[in-house]
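In the two complexes below, chain A is the common chain; its partner is chain B in one and chain C in the other.
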Partner chain A sequence: MLEVRELRKVYGTLEAVRGVSFQLNPGDIFGFIGSNGAGKTTTIRMLATLLEPTGGTARLNGVDILKDPMQIRRMIGYMPDFFGLYDDVKVWEYLDFWATVYRIPPKQRGGVIDQVLELTNLSGKRDAFVQSLSRGMQQRLCLAKCLVHDPELLLLDEPASGLDPRARAELKELILELGRMGKIVVVSSHILPELSDFCNMVGIIERGDLVGFGPVKQIVQGLRTTRAISVRTLGEANDLSDAVAKDPLAASPRANPEGEVVFDYAGTHEQQADLLARLIAEGHRIVDFREEHADLEDVFLKLTTGAVN
Partner chain B sequence: MTAWRHLVTENPMLVEIRRAQQRFLGRTRAGGQIALYLVGAVYVVAAGVVVRYAQYIDAVWLVYFQTFLFAFIGPSVSHGAVSGEREKRTWDMLVAAPVTAGQIVWGKYLGGCVLILLVAALFLPMLGVTYFSYEVNPYMWGDQYRRYTFWDLVMMDGISITFGFFAAALTLLFSARTKRAFVTLGIALVAMFVVLVLYPLFLNATRFVGAESVILLYFHPFVTIGVLADPHDPGLEFAAREWIGLPQIAINLALSVGAVVWAEKTLHFADGDVKFIPRKPHA
Partner chain C sequence: MSVPRPGWIRRNVETYVGNAVAVRDYRAQLRGFRAPILWGVYLAVMILLAVLNYTNIETGREISVTRAQGQLQGFYYTMMGFLGTTVVLVAPGLTATAVVSERIRRSLDLVFSSPVEPKYFLVGKIVASYRYSWMLLVLSLPITATCVVLGGATWQDVIVGYILLSLIGLILTSVSLLISATAAKVVSAVIQSYAIAVLYFIGTAVFASTGAMAFVPGGGSREAPFTVCLNPAAVAFVPGTYTVIAGTNVPNWIIVLVLALAFTKLCVLSAAATLSPLDSGETRSLRLHGLLYMAILAMFGSMVGQGLSGFAGMIGATPAAASSVGDAVSLALGWCALFLSLFVAHLACYGPDQGRRYQDDGWFSWRGVWRGSPSGALPYLAMLWGALVLAFWAWMAVLALPLPDAGFAAYAAWSLGLLLAYWGLARLASRLAVTVGSARLMWSAAVVLLTFLPPVVISTMTYDPPSAVGHSMWKLYPLWPLLAGPQPDTWIAAIELAVFGIVFAVAACWIPRRGSRVPPRVANHG
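Moving on, here comes the complex of A and B:
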C-alpha cells in the first residue's frame, strides 16, 4: 500500500507541492493529472527518492521514503518523463546491467531478462542494439528495465509522450497487465481520455494542490450536480431552445449552429422523460435526445484554472 | 574494511567494468569495430618494430610514451561517467536505483581504471623486451655509464600507470561538476596540458626554481621518470634519489582517491544547481 501524507516541496519562495495526500492499494492504476508545472513530476520525484520533501512523507508497505530510501528504491521502478538509454549496448546487455545493479543473482538474471522481454513484447529484439529500436520499443525497454527487480510500485512520468497511437495502445495494455499483476502504478499524463481508459484512480493537481482524488467514475459523477443534455430537432433550434427554457429544471439552454440545443438539467430521469414528452407534444420534431456524459477532461477543466506555479 | 566491501567487493556498480568492455572493446557500432581493428593492427606493428629493434630502444622512452597516452586515455575513459549520464538523461534512473553515490562513482572510476590497466598490460611485453635487449652505445657513454635497475623500471611504470589513474579521477571530478561530456573532456585535456606542458614551460621561461616549484616538478610524472631513468642524477634539490619512486606512486593514488571522493561529495551538482564557480548574486 502507498500512503502519501502532506507531501510538500518548497524551492526558495516557490511552493511546488503543497501538502499532497492520497492512498493507493495493490493493483491500483493511478492517473496523475495536471498542467505543466502543476507539481506532478516533483511529487513523483519525491516518491522516487530523488528529491527530499520539505515536509510530509510517504510510505510504501510501511517503509518511509525519508527513513529508508534505499529500501524504497528496491521496491520501486521509476521511468522519468525524459529518459535516455545506453544506446551502445544490446537490449539484453542493457537489462543485464540493470539486473546487476538491482542485485539479481547471476543465475537468475537470464530468466528474469527473458520474462521482462516477453512481458514487454520485446523478445524478438533481445540481441538488437538499443539505438536501433523505435521510440515505442525504447519506451517498452525502459519499462522492462523498471521491472527487472519485480517492484511493487511503478512511477511512470509521462510514459506515453512522443508515442504513436499503436505504441500508446500497446503501452496501455502493458500498464493494465501490470495492474492485474498487483502492482501499484502511478502514471502522469496529459492525455486525459487515455488515462480514463485504464486508470481506476485519478488525482488532479494544480499549483501543487491535489484538487481532486478518487476512483475515476466517482470523481466524474461526483463533480456534476446537473446533467448536460443535447437535443436535435428538424425544426428551428431557437424555437426548441425557447420551449426548453420553460422548464424550471433546465438551465441556460442554447442553440448551436449545428441545430442542436444544449442545456444542463437538474431534474430526475422521470422529469427528463416528461420534458421530452412535452416537447414532442408541442410539435417539435425531435430526432435526437441524449445525455452528454462527462469525462475526465471535463472534470479536469472544471477543477483547474490552468494556472501554474 | 566496511568501506572496501561497500565500494569494491560488494559494489554492484562494478558492472561498469563489463559495460566499459562492451563499449570500448565490444562489437558495438561498425565504426567502433573498425577503430578497434585499427588499434589492434597498430599495436601489432608497433610491437613488431619494438621487438625487431629492441637493442636500440631504451625502455624509458616507452614509459614516456605510455604516460603521454595516459594523459589522453585517462580523460577519455571517465569524461562521460557522470556528465554523460546527465546528458543522455540516464542519471535519474541510476540515482533511483538501490546504490549509493559512492558506489556509482567508484564503480565508474574502477571501470575506467581497468581500461588503463589493459593498456599498461599491452606495454608490458615491450618494456620487458627492450629492457633486457637494449645495448648501450659505448661511443656515447664510455665506461662511465650506469644503467637504471629493473626496480627503477617498475617504479617508472608504476608512476606512469598511477598518473593514468589520477588523470581518470580528475576527469571524473570534472564530470561530476559539468552537464556535458564534451565539456568535461575539454576541461580535462586543458588541465593535462597546463600541468604537463604549460607549467614546466612557465617555470623554465621565468627561470623561477624555488622550493615550491621543485617540489611540484617532483610530482610531474615525466620529471620523476626522467630522474629515475638517469642513475647519474642525484635527485632533485629537495628530494633525494632514494625518495623518488614509491612516494610518487602513493601521491598519485592519494590524489586519485581525493578526486573521486570529492566527485562523490558533489554529485548533486545538477539537482542542487551548485555551480563549480559560484555565481555572484545579481546586483
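Moving on, here comes the complex of A and C:
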C-alpha cells in the first residue's frame, strides 16, 4: 500500500508541492493529472527518492521514503518523462546491468531478462543495440528495466509522450496488465482520455495542491449536480428548445445549427424519460436523446485554472 | 519481490569487484574493432620509438662502459617519458565524459532511483576508465622490459616506475571524474580535465625539479621529498628515493601510493556529494573527510617547506621568502590557506541554481556544516582552518622541524583573515549576482583582480621589494606575507583581511538581492 501524507516541497519562495496526501492499494492504476509546472513530476521524484521532501512523507508497505530510501528504491520502478539509454549496449546487456544493480542472482538473471522482454513484447530484440530501437520500443525497454526486480510500485512520468497511437495502445495494455498483476501504478499524463481508459484512480494537481482525488467515476460524477442532455431532431431545433424550456427541471437549453439542443437537467431518470415522451407526444421528430457523459477533461478544466500552464 | 538488503561487507565487495557500472562501460569500450585498433597503433608507436631510440645509441665503435650505460639509461628515460605522456593524455580523456555524458543523456535519474549508491556508481566509472589506462601500461611492459635486458634500468626501476605511473594515472582519473560530475557539458568537462592535467604536469615538474636537486648533485643520498615522484616525466629518475619520517626512511612511492588513494577517495566523495541531495550521508562524509585531509595538506606543506628550504640552502642562496626551515613551513601554512581559499566560493556562494541546492539559509549555522548549505560555510571554514593549523603543528613535531613560533602564529592568524575575507566576498558576490553560478564567477574575477592587480600597480610605484620593512607600499597588499616571508607586520595584514571580510559580509546584508528568478529545471515538467 502506498500512503502519501502531507508531502511538501519548497524551493526558496516557491512552494512546488503543498501538502499532497493520498492512498493507493495494490492493483490501483493512478492517473496523476496536472498542467505543466503543477507539481506532478516533483511529487513523483519525491516518491522515487530523487528529491527530498521539505515536509510530510510517504510510506510504501510501511517503509518510509525519508527513513529508508534505499529500501524504497528496491521496491519501486521509476520511468522519468525524459530518459536516455546507453550507446553501444545490447538490449539484454542493458537489462543485465539493471538485474545486477538490483542484485538478481547471476543464475536467475537470464530467466528474468527473458520474462520482462516477453512481457514488454521485446523478445525479438534481445540482441539488438538499444540505440537501434524505435522510440516506442525504447519506452518499453525502460519499462522492462523497471520490472526486472518485480517492484511493488511503478512510477511512470508521462510514459506515452512522443509515442505514436499504436505504441500508446500497446503501452496502455501493458499498464493494465501490470495493474492486474497487483502492482500499484502511478501514471502522469497530459493525454486525459487515455488515462480515463485504464486508470481506476485519479488525482488532479494544481499549483502544488491536490484538488481532486478518488476513483475516476466518483470524481467525474461528484462534479455534476445536473446532467447534460443532448437531443437531436429532424425538425426545427429552436422549436424543440422552446419545448424543452417548458420543463422546470431543464435549464438553459441551447439550440445549435446542427439541429441539436443541449441543456442541463436536474430531474431523475424517470422524469427524464417523461420529458422524452412529452417531446415525442408534442410531435417533435426525435432521432437522438442522450445524456452527455462528463470525462476527465471536463473535470480537469473545471477543477483547474491553468494558472501555471 | 523485494530485493535483498546486502550487508556492509558485501556492499563494499560488490562496489569494487564485478561492479555493474564498470562491466557495462567496459563492454561498451571494448565493443567492435575500435579498441584493438587503438592498442595496435599505440604499440606500433612505442615499438617505432624504441627502435629509433636504440639505433641512435652508438654501437659501431668501442665506447666506455659508463657511456654505454648512460646511453641505455637515456633509452629507458625516453620510453618512460613516452609512457608518462600517454598517461597524462589518456586518463583525463577517458574519464572526463564519464558522468557528464550520463547527465546529458538523462540516465542518472534511472541510476539513482535504483538501489545504487553514488559511491558504487563512481567507483564503477573509475574502474572502467582506470582499467583502460592500466591496460595501456601493461601492453607496454614487454617493450620497457628490453631496457632491463639491455642494461639501461633494473627491474626495481621499472616496477617502481610503473607503480608511480599507475598512481599518477589514478590521480588524473579521479580529478577528471570529479570535474565530470560537476560539469554541465561534455566539452567543458574535457577542457577542464586537460587544463587540470597540464597544470598538474607543470606544478609537479616544479616540485620535482626543486626536490630532485636535493639528491642529484651529491649522487650518494637518495633522500628527497616525495613530491619528486608526482611528475609523470620524472618517474624514471626517482626510484629508490625516500623521505625520512620520524627517523624512518619511507620509500617515496609508498607515500605517493597513500596520497593517491587518499586523493582518489576525496575526489569520489566530492563527486558523490555533488550527485546527492543536500543533507545526504555523502555530504556529511565529505565534510568530515575534508577535516581529516587537512593532515595530508599539512604534510604536503611541511615537506614542501622543508624541501624548498633545503634546496635554497644547497644552491647557496638565502631566499627572501624562507630564511629558515621554520619560516619556510610557516610560509607553507600561508600557501596552504591560499589553496584552501579556492574552495570558499563553492562553500559560501548562494543563489538560484538548477539543482536548487544553494539557497540562502543564513550566514552562520552549525547544522549547515553537515547539511552542506551556504550557512555552514563560515563555521566549516573555521573548522578547516583549525584542523590545518593543528595538523601543521603535528607534522612539524613528527618531521622534527622547529616547533611553531610567533611567525607561525602570525601566519595562522593571516590564514584565518584570508578565509574570512574571501567568505565575505562570496556573500557579497551572491547578493550582487543573479544565480549561484554567476556569484562564483564574480567571486573568482574579484579574487583574480585582488590577487594579481595590486602587485603590478605597486611594483610600478615603488622600488621596494615585497620583503622591505617599514612603511613600504607593499603593506597595502593583503597577500604580501606570501611574497615577503615572515615579517613582524604579518599580524597587520591578518587584521586587514579580517576587516575586509566583515565589511563585505555587512555590505551583503544591506544590499537588496538582485532578482529571484529560478532557472527552469530542464527535466522538471510536473
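Please note the rule applied: the second predicted complex is superposed on the first by the 308 of 309 C-alpha atoms of A that agree within 3 Å, B and C clash if a C-alpha of one lies under 4 Å from a C-alpha of the other, contacts with A are read in each partner's own complex, and residues count from 1 in each chain.
Note that contacts are C-beta pairs under 8 Å (C-beta built on N, C-alpha and C of every residue); 3 or more make two chains touch, one makes a residue touch a chain.
Remember, it's a predicted structure, so these values are computed and weren't measured experimentally.
Asker: Overlay done on chain A, so just call it for chain B and chain C: clash or fit.
Answerer: clash
Asker: Now for A:36: first (chain B), second (chain C), both, or neither, which partner does it touch?
Answerer: second
Asker: Is A:189 touching the first partner chain B, the second partner chain C, both, or neither of them?
Answerer: A:189 contacts neither chain B nor chain C.
Asker: Identify the partner contact of A:70: answer first if only chain B is touched, second if only chain C is, both if each is, neither if none is.
Answerer: both
Asker: Taking the superposition as given, does A:89 touch the first partner, chain B, the second, chain C, both, or neither?
Answerer: Both: A:89 reaches chain B and chain C.
Asker: Is A:233 in contact with chain B, with chain C, with both, or with neither (first, second, both, neither)?
Answerer: After superposing on A, A:233 lies clear of both chain B and chain C.
Asker: Tell me which of chain B and chain C touches more residues of chain A.
Answerer: Counting residues of chain A touched by each partner, the higher count goes to C.
Asker: If you stack the two complexes on chain A, which partner ends up touching A:11: first (chain B), second (chain C), both, or neither?
Answerer: Touch status of A:11: second partner only.
Asker: Across the two complexes, find the residues of chain A that touch chain B and also touch chain C.
Answerer: 45, 48-51, 70-71, 73-74, 76, 78, 80, 82-89, 93, 97-98, 100-103, 142, 145.
Asker: Using the touch definition up top, name the residues of chain A that touch chain C in the complex.
Answerer: Checking each residue of chain A against chain C gives 11-14, 34, 36-45, 48-52, 70-71, 73-76, 78, 80-89, 93, 97-98, 100-104, 142, 145, 149-150, 152, 157-158, 188.
Asker: Please name which positions on chain C make contact with chain A in the complex.
Answerer: 1-6, 14, 18, 20-21, 23-24, 27-28, 31-32, 102, 104-107, 109-117, 277-279, 352, 356, 359-360, 516, 518, 523-526
Asker: Can you check the complex and tell me which residues of chain A touch chain B?
Answerer: 45, 48-51, 70-71, 73-74, 76, 78-80, 82-89, 93, 97-98, 100-103, 129, 142, 145
Asker: What part of chain B is in contact with chain A in the complex they form?
Answerer: Contacts found on chain B: 12-13, 15, 18-19, 22-23, 26, 28-29, 32, 88-90, 92-100, 271.
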